[in-house]
Amino acid sequence: MMTKEDVTAMILSAKKQAGMTWEDIADKIGMSPVWTHSAAMGMNAFPPEKAALMVTTMGLPQEAESVLAESPTKIWEQAVPTDPCIYRFYEIVGVYGPTLKALIQEKFGDGIMSAIDFDMSVTRVENPKGDRVKVEMSGKYLGYNSW
Amino acid sequence: MMTKEDVTAMILSAKKQAGMTWEDIADKIGMSPVWTHSAAMGMNAFPPEKAALMVTTMGLPQEAESVLAESPTKIWEQAVPTDPCIYRFYEIVGVYGPTLKALIQEKFGDGIMSAIDFDMSVTRVENPKGDRVKVEMSGKYLGYNSW
Amino acid sequence: MMTKEDVTAMILSAKKQAGMTWEDIADKIGMSPVWTHSAAMGMNAFPPEKAALMVTTMGLPQEAESVLAESPTKIWEQAVPTDPCIYRFYEIVGVYGPTLKALIQEKFGDGIMSAIDFDMSVTRVENPKGDRVKVEMSGKYLGYNSW
Amino acid sequence: MMTKEDVTAMILSAKKQAGMTWEDIADKIGMSPVWTHSAAMGMNAFPPEKAALMVTTMGLPQEAESVLAESPTKIWEQAVPTDPCIYRFYEIVGVYGPTLKALIQEKFGDGIMSAIDFDMSVTRVENPKGDRVKVEMSGKYLGYNSW
Amino acid sequence: MMTKEDVTAMILSAKKQAGMTWEDIADKIGMSPVWTHSAAMGMNAFPPEKAALMVTTMGLPQEAESVLAESPTKIWEQAVPTDPCIYRFYEIVGVYGPTLKALIQEKFGDGIMSAIDFDMSVTRVENPKGDRVKVEMSGKYLGYNSW
Amino acid sequence: MMTKEDVTAMILSAKKQAGMTWEDIADKIGMSPVWTHSAAMGMNAFPPEKAALMVTTMGLPQEAESVLAESPTKIWEQAVPTDPCIYRFYEIVGVYGPTLKALIQEKFGDGIMSAIDFDMSVTRVENPKGDRVKVEMSGKYLGYNSW
Amino acid sequence: MMTKEDVTAMILSAKKQAGMTWEDIADKIGMSPVWTHSAAMGMNAFPPEKAALMVTTMGLPQEAESVLAESPTKIWEQAVPTDPCIYRFYEIVGVYGPTLKALIQEKFGDGIMSAIDFDMSVTRVENPKGDRVKVEMSGKYLGYNSW
Amino acid sequence: MMTKEDVTAMILSAKKQAGMTWEDIADKIGMSPVWTHSAAMGMNAFPPEKAALMVTTMGLPQEAESVLAESPTKIWEQAVPTDPCIYRFYEIVGVYGPTLKALIQEKFGDGIMSAIDFDMSVTRVENPKGDRVKVEMSGKYLGYNSW
Amino acid sequence: MMTKEDVTAMILSAKKQAGMTWEDIADKIGMSPVWTHSAAMGMNAFPPEKAALMVTTMGLPQEAESVLAESPTKIWEQAVPTDPCIYRFYEIVGVYGPTLKALIQEKFGDGIMSAIDFDMSVTRVENPKGDRVKVEMSGKYLGYNSW
Amino acid sequence: MMTKEDVTAMILSAKKQAGMTWEDIADKIGMSPVWTHSAAMGMNAFPPEKAALMVTTMGLPQEAESVLAESPTKIWEQAVPTDPCIYRFYEIVGVYGPTLKALIQEKFGDGIMSAIDFDMSVTRVENPKGDRVKVEMSGKYLGYNSW
């Protein structure tokens, strides 16, 4: 059986050959770049029509369509990531986690920001002192139930 | 010697008595709520004039001023945070970390988003399906050196 | 400042002296036993009117009221619990976790059961071969967003 | 020798080709969906007659029958699961573990809920505010021996 | 409130002063030495009448009686014990664990030996080549449920 | 070179085909079932004449004889075992480890039970309330040296 | 697709056959030995013209050029390195980490030395009591932002 | 007995009151700032005459002299440091550890850089693009023995 | 009750005041320095007559005598020690552990060196290239039982 | 390319076929058994002439000569070894580590025993109460630098 790993490898290979960026691919299937990359890596499931579009866009074999639409099991192996680019985000959670919690409670009450009903974007912001990476996340507020 | 933990306890107590929010305190000292909370928790150093303002705003003893201005040692004890509100951000780094890395490289080249020359905000976005938490981060892009 | 730990200790002491069960306390404040115990342990926040009721029911000092209503930081120190009664639930998650995931996806699609918009009960079911513990959990289904 | 992993792969492949759900398979062999999935994943042993039924239902090779009936060694590799759907159950054990223990003791005495003489179901409960996942577990109460 | 730790300290002190062995204490309360030590350490709950006997035998304050009867939370802090005497038992589980499992399955079917409905003894066996420690455990066989 | 893993696989396959139990094999080579299983799993070395008997009993290739007689390196990968049948023994060490130590010291002095000069058996004990697993271990007492 | 691991293996093989040192290779491509080794190991990305030079210098297949220029994911598997030569550097960070932090703050203010805008060299310093290894690191100072 | 922790606290307090930098203190006792800070933190032992100088310079009680001269036990509690300033050095060891090893072997043979016969300095290097932190380490080369 | 930690602190204090070395103390009680230090640290039990000698030698209170004679629980908190002097021994076990095992098996058969019936010494060996630390360990060979 | 693992496998196979002991091999190449085994396992580098001797002695292919002479990367995967024979040495470091440190400091000053300029032997010592394993280690004393 074809696995999500197999399809990810095919996508990466096709992307390199075609010289496309993730932004290009995202545009072709009408989704955002963050979500598109994540789903292509096997960390999100493609809705059926997007799976079909992905197969045509990247020239994948037909069997890949159902694989792209399967629910993934999200596994990461490093509890503390070592890659410096990813570690910096881990560090931000370590340093500012209690702050995010305190401000969410101040603005909403006792609850959390959903990581499921969630979206995110990455943009480049020009700046004379050096361009900046801007990351925007938005998740539904979920208040704790009392019963 | 007075420690940062001592001063944090005094701030929390004064804040409760005064019925102030972090937003109120941040306004009073002319800084953002995220930074203000984080520095009050002892995770960032107050610039001298902000330390002085903090002392008057919260009615802290004079000795607190120099303590607020000291460089903190940033320690968190849970490599994987258990509080659900903080864990969701950890989970986002686990699931989307490779995506953030891929898009930063696509837009900037081989490098990272700084977690030092960095700022962040939390806002409440009204939404008929349930209000949303919006988190915006911005950090300077730092490209790897080759030498 | 009075902490959640202080109030928990007061509740346990008052409960012992009064010879009350968690079920009794829950009845008095009009909440379920699971939620009541959890909130009394400092793992959930009492809504204001329940905090007030708790103070009268257990004869706590007035200051406890606001402490009971504060948002808790949920911390557990053993990633793998050692107490046999708690470990068995950990074991169930280890053995049946992938099964719970597969069936939720089969019945709902790609998503999770919320642990925030969530409730739970524990009941005793008589059985000639030995009475049984019945645990019922219910959480809102949250489908992953694609964007 | 054919292993449980081999048979699991065959079942998943046959299930996909046949377009069956776990509920369909469970019905065919007269067992519950939770148990059927778990046993098919190699986490439980099929009683001989169920192993035989499974072989016919899924069109497996004859050798699979004895493999399905073997006692499994239950191994999970992530002490803290990363998949969000499974993590939420881990989180429930972390947050409510002491509560489950306290209420079991209140209702039964000093003991545990068995995870061996145990059953579980997952159902979808319709709800105007969003359908809910209902998980019901039942395990025999086992009281500690004193001797 | 008096805790189990407090009572354990009182028992150890009284035992030393009285020059009693665990065997002596066990005899006095009519229980086995293994169970008596374990319960005195706060790892098992005394049935009410044994708690009363323990209080008289060791000359404990009256309040200790209800503390001895409370259900303990069983916590050990070293996942791998360092004390050589305890480590050897850990090593036996590491080396012979799969063997114990295989033989239990051969003799009983798919299931486990209960660690709850369980008893254990330690005896000294004379031997010309050096006396031997004999440990006998017995636990109820619990077969896995299929449902 | 043939490894212990290779020989273990051959033994398991031959055992299945011959429909033998571990007890049968142990009888054939004149050793106990616990030791026989453990050595067959590669966790103990066969004395030369037992290795020869094992080769004839199970119909193994000649090369296996010297492999069975080699000293094994005893490795287990899970510091805390997840299989419920093995975990229960780990739990017993966690709960009763300090008790075993205290009673060994009471009966023998400051020392340990050897896990090297050691033997163990597993038997089924009939019991109207449910049959019981009986595990007996015996190891030489080793007293600490002072020098 | 050719991976960074593949290219690293080719470089090591070509280096051995040609009898070159890392210093020789670094000279040929006009970079420092530290950076050259690190990039050849797949821990840094070659700028395009250096990738081209590397391909000619080491006689690599053409496809290697684009692989050398890709952004690496920096992964190390041992949180605490075991090799004695690498461990000593880990030990230096453990022993002198707080000192490095204190002196950077004394000389610059609250901030860090960048590990991204960074360079390093290793030299041999002759010394009658035994030659010494000299390691020089230089990284841009980055001051914490307050906002 | 006065401990190294006690003396460190006295030094920090005296340093703050006197408004001295580590460089000032180092000058006064004729040692380098890196070594002085490290020894003051209790991570190195003061030679007797330096201990005496330290007592006079910082106005410490006489008993501190012998404490400063004691051999320390070097303990750090975070295997992976969380403070960003210290983490960056850990990251450098993770990324460049194998490179340091390869170049030391190329220049010296099979061996290591000593972390005991070792010295280090931190300097500020002016730079129009942003000043840089320069860290220089030097340790004696130690070649592996063969015997 | 006086604990082993209390007595260790008294010994260290008395030793400092008296200006004695471990060798001096060992001589006074007629034991080796390694054993004496270890027992004084609470890692070994003093035989009764040695406990009495220790009390007179160091001028300890009478109650210390029985405490010194108690069986210790041997606990170390760092699975991997950080102090460089202790780490080097850990490193030797990591690098040469399989070698020690292979040679013990070659010389004795399948078994181990006892760490219980064990003794050790540390001596200084003069050497023109730098004096050397000599550590000698001797433990009884224990052969694995087969049964 | 041939790796150290490949050569180790060839040596083990040749050793078995030739019926040689490590002592025999060590004699043939004029080195000690401890060092010879360790280097054959790939944990030490053969000096060129010893590598040549090893190739002739064991009948290895010519390419093995340069592989034996390469600097190894010393990796062990179990922070706490499970094999009982190796674990006992780990236990000795845990129990006696602080003692080794204290006596080295008493005899030499503040420093360590080198694990690099180091040698070790294993011998069998006859003893009527059971033969003993004698392990002798010697490493150069290295005193901490102050600067």
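What to note about this one:
Here the chain labels run A, B, C, D, E, F, G, H, I and J in written order, and each chain numbers its own residues starting at 1.
Throughout what follows, a residue touches a chain if its C-beta (ideal position, glycine included) is under 8 Å from a C-beta of that chain, and two chains touch if they have at least 3 such contacts.
Bear in mind the structure is a predicted one, so any value in this text is a computation, not a measurement.
Contacts with chain E and chain J are shared by F, I. Interface repeat of B-C: among E-J, F-J or D-E, the matching pair is F-J, sharing over half of the residue-numbered contact pairs. If each chain is reduced to the centroid of its CA atoms, chain D and chain I end up 51 Å from each other. Centre-to-centre spacing of chain G and chain I amounts to 43 Å, using the average Cα coordinate of each chain.
Chain geometry summary: the mean Cα position of chain C and that of chain E are 30 Å apart. Counting partners per residue, chain C has 34, 73-74, 76, 79-80, 82-84, 91, 94-95, 98, 101, 105, 111-112, 114-118, 142 as the residues that reach two or more other chains. Pairs of chains meeting the touch criterion: A-B, A-C, A-D, A-G, A-H, B-C, B-D, B-G, B-H, C-D, C-E, C-F, D-E, D-F, E-F, E-I, E-J, F-I, F-J, G-H, G-I, G-J, H-I, H-J, I-J. Across the interface of their complex, chain F is touched by residues 1, 66, 73-76, 79, 115-116 of chain D. Listing the residues of chain D that touch chain B in their complex gives 80, 82, 84, 87, 91, 94-95. Those residues of chain I whose C-beta lies close enough to touch chain J in the complex are 21-23, 33-34, 37-38, 41, 43, 74, 76, 79-81, 83-86, 88-108, 111-115, 117-118, 120, 122-125, 127, 129-142. Against chain H, in their complex, chain J makes its touches with residues 31-32, 34-35, 39, 44-47, 50, 71, 73, 98, 101, 105, 109-112, 114, 116-119, 142-147.
Taken in their complex, chain H has these residues touching chain B: 9, 12-13, 16, 78, 80, 82-84.
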